[in-house]
Every structure is written in structure tokens, then in C-alpha cells.
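Notes for the one structure printed next.
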């Protein structure tokens, strides 16, 4: 598990590096599918004090298997996503400024350009509000459930993030590094979409053929971006 | 008092570190309740020149007890808050950009999401305007009085900051470090609220059950965020 | 070609330095007109790992002449511009935040002040949308064609950049360094124009005599800005 | 003159330090009133290459008295202000983002709060447009004249800056350092005013008694801010 802890440590340290977090407002996890174990940031620990040995190992039911510290208070949300989606290798939650503003606005981040389409095949959805019962009950687990309800049957790696209503963004990817990468993209396209709609309230979403072209240029069998 | 001076020094140095101040536009104080003495930044001294021995010690009536320099011109505001609220250990005033913009707009910073609710149990109020008499008279003392009038009977640690109309934010906490922490949160939620309302002018404030849940997750007897 | 590779390397490294790129979202090229060869960034390589020997040399038909890596996926766009405009020495593409927001808004960046007129003699145009056929066909080549269609008969060094609809900015100059310089200007004037129109939706474009004055102060036979 | 050159060098280097300039888009000067000589940045020289010996000395008619380089292309504007206002010791011109946006919007930066009133006793005016004759003629001199026309009989140290229509901010002070200080304030209050009006388009300007109180707290015979 040492390697997974190190990856999760580095992915967590990328959150302040990319300007996604204030204080301790974010957490990254990754899963070892073979063992069914998840490595996650401990709750409320400052990034500049975080060490690989502080990373907590839990099983998919949330039992702590290794580590001296409490896991992130959002652990149950992460685990719900790992249990439902076998393709996920990493999950990240932040309160990054612009993505959180869309969550507070209660609107999906619209697909307005190729920057968005390079990573997200369609809008970045906003969940419904959790009910009072869902909040008073197993809140973090129910947050995971409402994300799953929002994604419906979508392939989660084609919609690698959502904003949770009045809360903030969750993103994911094939590993911890990829999850953080998608969280950075979500924050940047959230910012661009805010500015673009401020310039032209009547703008149109990206044409589907341009969206498909860009997503497929970077993903899938015929991708031709990058060195592979 | 050396330890309190050191804490107040460090809390003041956190203001430029967190991007809350331009030039010398901010000041932090802390109180030693046992002795009834307050340590506060000297007036108009640049942060990069500030030393622990520059911190001024005053009593609760504003008499300088220790220190070669003049205390902050806002000292009377800080003292009014300490006298009225026994739970306060630290107070901070800045002109941070977005919180000040809400003060100039004359509106409370609305509770729009969990980022806000993690620290503030409800809107961050905006005071009424000071009258001409209040401004021409004991201006800084009257600023403290209008903050107290605005808070009414609220527990100040549940509303750890307000914006003073056409002026800027004051925040507080259980000590100087906590006060600055709340000032950083206020600036960030002020920024998010501006953006969120720009995206959707018809957005709704956070549901009270979600607000309570988040505030209590971090505060009070049943808190489960962090390591304690 | 070693000198051209070095120039293209440095110009690419200027993209993160000036805050124009997230991850690998940008590329710069330059041409050696005597040899008809273009040096361009390899596709998907991180800036902090980029070396002069990674820069790829292609001819004007896109054949790789030198280099172990794949050239940028946008190479065909760069080459179309070099083939059409003999005055171009460098080309740059980024997804810089504010210029991309104008591309998403589908509007030309209006000439609102002298900052703009010092470099662009008129609005920075926005291209039409590419058709489905153009996107499904030789997409990157067609992107170059639609830029050329947008410029019409304009001297490209008087309009040293455009935004491609729903995509982002392309800029150019007499060499790679100059192209990046113009991309920085485009991002800054895109930001200013967004803010200025937010302050006053009824503002007027810059008067033509003031625009001409500023452009000519920096360019042409009677320029008197700088040391030459 | 070595000391004045050094001050002007340091004040120019403060422009990038405070984020007021892109490339070489700014210049600071200072005057030695006893000798009637002005030290000013050379035109188009990058800040990171600037040395004290590059600073150019001109007389009040603009003749170069000392220095190998051409003075700033805006020199005639600076000199017009020094000739008209004996109280000025330093002048600065930049294209800082938010102040320039107000210049493009063609509106005065309104006095909305104490941050503004601590330095500017009233709105920061926007000049009228220069006529075609004024632009085609002695443009930089006429820019100075239109600033003077805008200030009318105001004490320039009570209104230590204006925005020139469709161009950008000019600021001044009792010396070069103070001029840059006021330029930083203008950029920050320009940003706050943009945000505040976005939050509440119906906001009110600061009450005159609060404005007077704050301005006088920092300036004049009864100032009590700072250590003197």
C-alpha cells in the first residue's frame, strides 16, 4: 500500500499547487481494486504538514485498515462512487471557487467550448438538493447516492465530475492523478463559462459534432493527442 | 505577554500571506482575559517590517500598557467587541477585496452553500450606516457599537464576522489565529457569492437543515470533522 | 535548426510564465523561411519537461523532418497560416481564460482603448463556426482555413490574432517571441473588455483617430515608442 | 541626481511588483524642484533590465539633460502636470487592468467606501475624449492638458489620479514612491467598485461626512493614522 499512499499524498499536494483549495477544503483518494482498499486523506490535516504515513487505508465498507488518523469526513461519498463504478481509480472533492459558485447557483456547467469538450462529453451536471431526511441521515453516503442518481447510466469517465447542489465539485478519474487533473479542468471551464455568459447571455452550447471531435481527439481508440 | 505578542505578530503576518491586505490595510489583536490586556498591531507599520516588540499592549479602556508605538487607529473598535463578548479571543479588520465590495454594496453576504455554513450559521450581516454624529464623534468606538447592534443577541462565534457599511469586514474568533481564519473564509465566500449571483440571480439561500448540518459537523459537541 | 528550436522552446516556456496555459493547453511554432521548415512543440508534453531537442521540425506540408516526438495536434493550423501569410514568423495557440471566453461567447473582442490599439488595428475577430463537414474532415487544416477566411485581405501583422468560435485564441507575429507577446496582449485586452462592458454596457469603441495614433506610435515608419 | 534616479528606478520596479503592468506598459517620474529637473523611465525598456543609469534626466521643457536613452513616450504628459502643479513630486502612468477598464467604460471611479476615501477626496474623474486635432497634434502634451482641464481647481494631492478616456490611469503624489502608492490604491478601488456595482447596481456613494472623516484621518493637520 506504500505506493498508493504516496500517490494519494502527491495528488492531495497538487490541490494547493493548482489553487483548488483554501485551508483543508479538499481531499483525494485512490483505490487498489485487487485488494478492495482505498487510500484517503485524513480529516482536517493541513497540506503542508501531510506525510505519506498520514494517509488512511479503509476498506470499501469504510473500516479503517491502516493508519493512526481519522479518514476524511467525506469518505463515505468516495466509497459509494468506488462501489458503483468499477472504472474509477481516484476521486477528489474540493470547494474550488468557480465550480462551487455553479453549485451554489444550482446550474450545470454548460459545455461551451473545446476546452470543456476535451475532457467532459456534455454538460457537467448539478445534482438535486438532498432532502432533509438525506441530510439528517447518512449525509455523506447520501451525497454519493445523489451523485450516482445524477449520472444515471453515463460512463463516469466521460462525465468525470459533477457539482453537488449548494455544496461543491466532486471529480474522478482512472487514478488519483487523473482525478485531480479533471478537477483542475472543471474549475477552469467553470470560470470560463461564467465569463463567457457575462459577455454574451445568449451564447449557444457547443455543437455536438465539435464536442465529439474534441473528446475523441484525446480519448478512445482513435485519439491522436499526445505521444501515445 | 511575550507569547501573546508573538501570536498577534504571526496572525498579522498571515494577512498578506492569505492575500487579505494591500499595504497596511489590516490589523489583528488578541486578548489575555486573565489580565484584561489586549495585544494589537501598531498603526501604519508595514507587515514586512513588523516585529513582536512592535506589538502594542493596551488595557480594555485603551490605555497603552506596553510598547513604543501607537496602537492601530481601529483599537477602540476591537476593545468594544472584547468588552461586550467574553467568548472572543481575537479580532481582525481588513479591506479584503470581495468582502469590502459587499460592504460597499450595503448587503449581507448571503449563506449560499456549505463553504459558508461550515463557519457562519446564517448570513454575514451588513451594519447600518453610521450617522453623521457617530462619525464625527468617537468614530472607532461607534463602529464597534454598530457591529454589536447588528449582531443583536447572536453568539458571536456562530456569526464570526460582519461587514461594516461602506467600510469593510471585521471578523473574530477564539484567538488571533482563529479570527484570521474566519476572515479568510469571509473573503472566499464573499467572492463565491458574487460569482454565484452573477451566474444565477434567482438562486436560493442554503436550506436551513443543510446549514445546520455543516456548521455542526465542524462545531459543537457532535463535531466529527478533523482529528478531535 | 538548433537556434530555431531554442527560440521555440523559450517561447513555449513563456506560456506558463505569462499565465496563458493550464497543463499542456498551448503550443508555439516558428518558421525558417529560407529553408521552408517549421519548428513546433511536440503534442501533450508538459512545459516543465520540455527540452530543445523535443521540438519537432516539419516541412510546410507537415512531414516530420527532424525529431523523435509527434508534433502538436494543431500543426496543420499553424502550417496553413505560414503558407498563406509570408509575413508570419511565429504562431501560437492557447486556451487562455478570457480570450477563450470571448471565443465561447462568439463575439469579436472589441477595440475599446489604447492598450488594444497599441497592438491590434481594429477588433480581434471571431471566426464563424466550422461546419460538421469541416470538423469531421481535416479539422486542424480547416481551422486554419477559417482563420484565413476571417482575416480576409487584412495584413496579419496588423491583426495579429483571432479567436476561433467555441475554441480559443490563435495569435502570430514576426517571430515566436512576438507571437507570444501578442497572445499575452490578447488575453489582457480580452479581460479588460469583459470588465469594461460589465461597468458600462453602452460604452463606445475607440475613435479611429486614437486607434491609428497608438498603433502607429509603436509600428511603421514613424514609430517613436521604444529605443529604435 | 543619482539619488533621484535611484528613487525613480525603485518606483518603476514597484510597478511589476504590485501587478500594475504587463510588459513595459507603465512609467514613473520624479522631479527635483530646486533644479527644475525630472527623472523618468526610458521608453520601452523591460523592468527586469532597468538600471539607475538608464533613467533619463530632462528639464521641464523636455530637453534631455542626462542619459543615453530616449525618455518615455509619455514624458510630455508628466511635464505638463509638473509645470501646472507645484505640489507634485512624482507622476506615474500604467495600464493597470481595472482602472483601465473604467477608462474604457468612460466613467469616473465612484467613491463607494472608506478604502477609496482614505486616499481620494471624491470620485476619481474620467477625462473627456481628446479631439482628433488634439490626438494628431502634440498628443502627449494634450493628454496632460486634458487631465488638468478635468481636475479644474482641485488640489491634485486630494485627487491624486484620474483615468484618461479610452486610455488608462495617471496618478501622482508628493514623490515617486507616493505616486505609485496612489496608483496601487486606484487599481484596487477600481476593482472593488466594479464588483460592488455588480452585486448591487443601486448602491449609493459614500456619505460625505464619512469620506471627510477617512481622508482627514490619514491627511492634514489632525491626521491620527500611522506613527506621526
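Each chain gets a letter, A, B, C and D, in the order it is written, and its residues are counted from 1.
The definition used in the following text is that contacts are C-beta pairs under 8 Å (C-beta built on N, C-alpha and C of every residue); 3 or more make two chains touch, one makes a residue touch a chain.
Given the structure is predicted, the values throughout are model-derived calculations rather than measurements.
Although chain A and chain B share one sequence, what matters here is the overlap of their interface residues, and that overlap falls short of half of the numbers used. A centroid comparison over C-alpha atoms places A as the chain most distant from chain D. The geometric centre of chain B is 46 Å away from that of chain C, both derived from CA atoms. Averaged C-alpha coordinates put the centre of chain B at 32 Å from the centre of chain D.
Of all residues in chain A, those touching 2 or more other chains are 197-198, listed in ascending order. Inter-chain contacts, as defined above, occur between A-B, A-C, B-D, C-D. Chain B meets chain A in the complex at residues 112-115, 181, 184-185, 188, 191-193, 195-200, 203-204, 206-207, 209-210, 213, 217, 224-227. Considering their complex, residues 22-23, 25, 42-45, 69-70, 73, 95, 97-98, 100-107, 129-130, 132, 135-136, 139, 166-168, 194, 197-198 of chain A touch chain B.
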